[in-house]
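Pasting the structures here.
Two complexes follow with subunit A in common, the first pairing it with subunit B and the second with subunit C.
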Partner chain A sequence: MTNLLEVVDLRTSFDTERGTVTAVDGASFTVAPGEVVGIVGESGCGKSVTAESILQLLDPASTTYSGQVRFGGEDLLTFGETAMRRIRGNRISMIFQDPMSALNPVFTIGDQLTEAILAHRRIGKQRARSEATELLEKTGIPEPQRRMRQYPHQLSGGQRQRVMIAMALSCDPELLIADEPTTALDVTTQSQILKLLIELKDEFDAGILFITHDLGVVAEICDRVVVMYLGEVVESANVHTLFDSPAHPYTRGLLASTPDIASDPSIDLPIIPGTVPTLHNVPVGCRFADRCSFVLPECRDRPIDLEVLSDGHSSRCIRSVKLFEDSAMSDGVAR
Partner chain B sequence: MPLFATVVSDITIVLDIVDLEISWLNTGRILHKSDMCQRREVHMGGFLLRRAAALIPVLIVVAIVTFLLIHLMPGDAAAVMLGPEATPQQVETLRESLGLNQPLYIQFFTWVGNALQGDLGQSFFIGLPVISVIQAALAPTINLAIFAEIFAILVGVPAGIIAARKQGTGTDQAVMVGALLGISVPSFLLGLFLMLIFAVLLGWLPVAGYSPLEDGVFETLRYLLLPAIALGSMQAALIARMTRTSMLETLSKPYLKTAKAKGLSGNRIIYKHALKNAAMPILTTIGQTLGTLVAGAAVVETVFNVPGIGQLIVNSIERRDIVVIQGVILLIAVSYVLINFLVDVLYSVLDPRVRFS
Partner chain C sequence: MNDDHTVLEARNLSKTFSSRSLLGRTTSETRAVDHVSLSLTAGKTYALVGESGSGKSTTGRLLQGLISPSAGEVTIRASNGSTSVQSISRANRDVQMIFQDPYSSLNPRRRIRGILEESLRIIGEREPAVLRSKVDEALAAVGFGEEHAQRYPHEFSGGQRQRIGIARALVVSPKIIICDEPVSALDVSIQAQILNLLRKLQAELGLAYLFITHDMTVVRYLAHRVGVMHRGKIVEEADTADLFANPQHDYTKRLLASVPIHHPSQRAEAKGKN
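After this line comes the complex of A and B, so read on.
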């Protein structure tokens, strides 16, 4: 199966007042057609920047990209603004975290949906509107006719996210990038939206790149997972492998700190000590070393390479093999 | 001239009160989160009616303050109008004809009643009804103000947008320095310079005067171009600054990223999606500056000898023609209120959240 998207050694840097920072540092991963790939990590690990780099949505004045974003046999990073415009919303579309702020408050739902359709297809306005209504219906919004005439503030959070999904699917994209699409929603709405995404993915036969910090969501919908930490991919694996035998201490920490219905409420949930360092002082060696409970002196000496452990499973840790094999150390990351 | 000072401070007081009233009426109106969540649809007609009803108390305050103008002046109004040489008999006759001997509340209701019928009294000096004196002076001022405001919008809004899009670059700095100059250079000075360069040295445009619209629109524009630039440059600067600030705030909004992710062009994102969101503060500035244009017109009309309301005020003050001054102040205050009402209505056209709140 050929891959839909191949991100190779993607590097995204920003010019800031305090110098250049590299928010994504050599990320590589792939998405196959019909596959759901999750990117997980804490806030500030570069997962959103990775997503937006694929479509080059970041401020062009201060952002530099390098590496390759291969899509449909071409490298999107070599594309100019005009060529990118034909990709955005058409072949690759995106859903954002907060559906309230991601919809323009002063235009009706109908206007915004129709505009997305008309941006890429030469059809009449009337036809675009009726297609937009059909799309809304597909997302399960009640009274799609009436919603078309309404403004974003008149809809609930879940309805707004359904509108965003309808908009993203309006031109039958090959790849859908969902940047924390359920984070701003309440739990029952979350699961409805996830279910809808999976249904529509099958109907539209699209690949999904799903960005989240919620491992519960990952377990529910992803086929493969890429774990990011401070701009680097630290582990990437099939979803079952990742949950059953995580190889990187950071992944183990994330898994251990996820609450479980069966866990004893009187025992404190394990946490990963410390916080993510800022991009202005990235450690020389392993970027996770300061927060790692398996750290060795040599971890800090030089950058660690991503090591392939088995087919489709790799980890950026010098102790990967040992940790991977040592199933006895199930959750020894934190106190 | 103490009378001049009194009148000027009176105009300021009236406008301040209008502003105060309006801002009081507006509190808690726009963009309240709780309002935004309400999904009750209110019809546009109902909205307009409610906004219009809110004008009534403002107009009452305007009427009272304008009416009291005559009584707030130091000394007796009739004596002031007639000057030091007048005999007591003359003063008494004038008091009688102005109705100053009647109780205050009767005077007020008579005045309001007449004003509502379009009768603002008789000019003592010109011997004409105040309303026709104002009518004669109104056309040049309205033309000048509209022309100046159009100039200000056409220059200010694009300049602000360009500055915001190129934030931190030389272009941005150039626009900001230009705006600073526009605010700092007084209109009469700018007017004199423009007159010197384009009328006297280059001879492209008439030095001063006015040509009514009936004699051809082009001729009117030729006469009003320099005064309009002199009058409008400060508004242009204010509008440019507000546009830049408002645009900068809007440009970082997530929905613009959505628009970009849809595959829209940069211009469509800026001029459709961003500008409509950034428009409210810009519109407020335009509304406010339109109100102050009339005050500014007094100076510019004097420099360019345009026979408008501004010149009428100055001349009436020199003549101590209080009845005319009163009429003009009422006119300015009422138009200020109406412009603010118009801006309010435009808000609701631009932002659906105002309509539904």
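After this line comes the complex of A and C, so read on.
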């Protein structure tokens, strides 16, 4: 299968008052049509910056990109602002965590959806309006005719996110980037929105790049997963491989410290000690070394390369192969 | 559950918010909390779960006396007799709160020691030696030392700030701590640290927790008893294991079916449930 999106060695740096920080440091991954790829990690790991770099949404005055973002045979990083505008919302759409701030409060849902359609396609206003209503219906909003005449504040959070999804799909995009789209929603609404995204992905045959901090959400909908830590990809794998045999100590720690309904509540949760360092003082060697239970002196000597363990599975850890084999260590995280 | 270890009892609590037009006429009334009764036990955690707008945070604020109920009453049982929560100074001492957002709940202009001393001054403690030793003790309980006491909130990470929030609650030796979504703003790897700390403190100090959350996995891990709130009412209350094994109310069932799976192999099964 040809890839829809190929991100190669992406580096995104910001100029700050305290010097240059590299928020994404050499990320590479791909998304195929019909595939859901998750980028998972904690705050500051660079997952959102990666998503925003693909569409060049960051402040051009202080941001420097390098590497390649290959999409449809071209490198988006060579595109200027005008060319990018034809990509954004058209061939690649994005939905965000907070639908309220992404919608204009003084226009009706119908006006905003119709405008989004008209901005990208040459069709009449009437036709755009009826397509907008159809899209609302597709995203499972009850009484779409009435909703078209309502304002964002008259809708619940879940309905607003459905409107955003309708808007993102209005131009039949090839790739949908979803940045924590369910984080602000209640769990019951979250599970409905996730289901909706999967249904629509199959219908539109789009690829989805799903940014999240929630491993439960990853388990629900992702086909492949890229785990990031402090700007680097530390592991990438098929979703089943990642949950069955995580190779990087950070991935193991994340999986172990997530409470599970089925786990024994009388036992303390395994933890990852310490906190994520800031981008202003990135360690020379392995960036996770200070929090790692398996650390060796040589981990801190020089940057660690991403090592391929098996087809489609790689990990940035000099001990991955050993950890991978020695299942006795699988629960060796600190308590 | 009206035994000797009950430390707080809420009976038939209701809270109605009304919105008024410019001329002061009541235009609409919202019953945020509707005849809620619950009791908290020393050394145990009562989890209040439900979606946003279900009234769980309002209930927490009523229990602490931050807002007063439209009807019903809250009684706090102390060794020297019961008091109604309307006596605010009593409530300040016995019931403390930990908030969701550790960034906005700490005064950025004060050092950690000053923030904790403030809590003690509110309940009438003035003696410098006592202030010092109580603050030191509270900080030690959450794993901090003297070097942390002199710093400002911005020098700490989110998880560390939540520890400070916990220390601030502990410093007045409360019986009850109301935890309003205390880990939902934190990173996954930090959440486990805070949850373990809360459990350890409960075991050591015999604290009663009211844990307000929407996260059922956290409930399973921390709570002894659960009240499920929906549209201002507690629609189901049960011991944690029973609630998960045998949910009765439709809303509880829906809530449990929506919990994200823990492993991709559960996908087909999860779909069957819906």
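We adopt the following convention: the second predicted complex is superposed on the first by the 335 of 335 C-alpha atoms of A that agree within 3 Å, B and C clash if a C-alpha of one lies under 4 Å from a C-alpha of the other, contacts with A are read in each partner's own complex, and residues count from 1 in each chain.
In this text, contacts are C-beta pairs under 8 Å (C-beta built on N, C-alpha and C of every residue); 3 or more make two chains touch, one makes a residue touch a chain.
From a predicted model like this one, the values you see are computed outputs, not experimental measurements.
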_I'd like to know which partner A:Ser43 touches here: subunit B for first, subunit C for second, both or neither._
second
*Between subunit B and subunit C, pick out the one touching the greater number of residues of subunit A.*
C
_Touched partner set for A:His280, first subunit B, second subunit C, both or neither_ = neither
*So, does A:Arg86 touch the first partner subunit B, the second partner subunit C, both, or neither?*
first
_Which superposed partner A:Ala119 touches (first subunit B, second subunit C, both, neither)_ = first
*When the two structures are overlaid on chain A, which partner does A:Val106 contact: first (subunit B), second (subunit C), both, or neither?*
first
*For A:Arg127, select first, second, both or neither according to whether it touches subunit B, subunit C, the two together, or no partner.*
neither
*asked:* With both complexes overlaid on chain A, does A:Arg146 touch subunit B (first), subunit C (second), both or neither?
replied: neither
*Mind listing the subunit A positions that touch subunit B in their complex?*
52, 55, 57, 81, 85-90, 93-94, 96, 98, 101-108, 115-116, 119-120, 151, 153-154, 164, 167
*Provide the residue numbers of subunit A that touch subunit C in the complex, in ascending order.*
42-43, 157, 186-191, 195, 213-217, 219-220, 222, 239-240, 243, 253-254, 257-263, 265, 268-273, 275-276
_Applying the document's contact rule, which stretches of subunit C touch subunit A when the two form their complex?_
51-52, 157-160, 187-193, 195-196, 199, 214-218, 220-222, 240, 244, 254-255, 257-267, 270, 274
_Contact set on subunit B toward subunit A in their complex_ = 36-37, 39, 253-255, 257-266, 273, 276-277, 350-353, 356
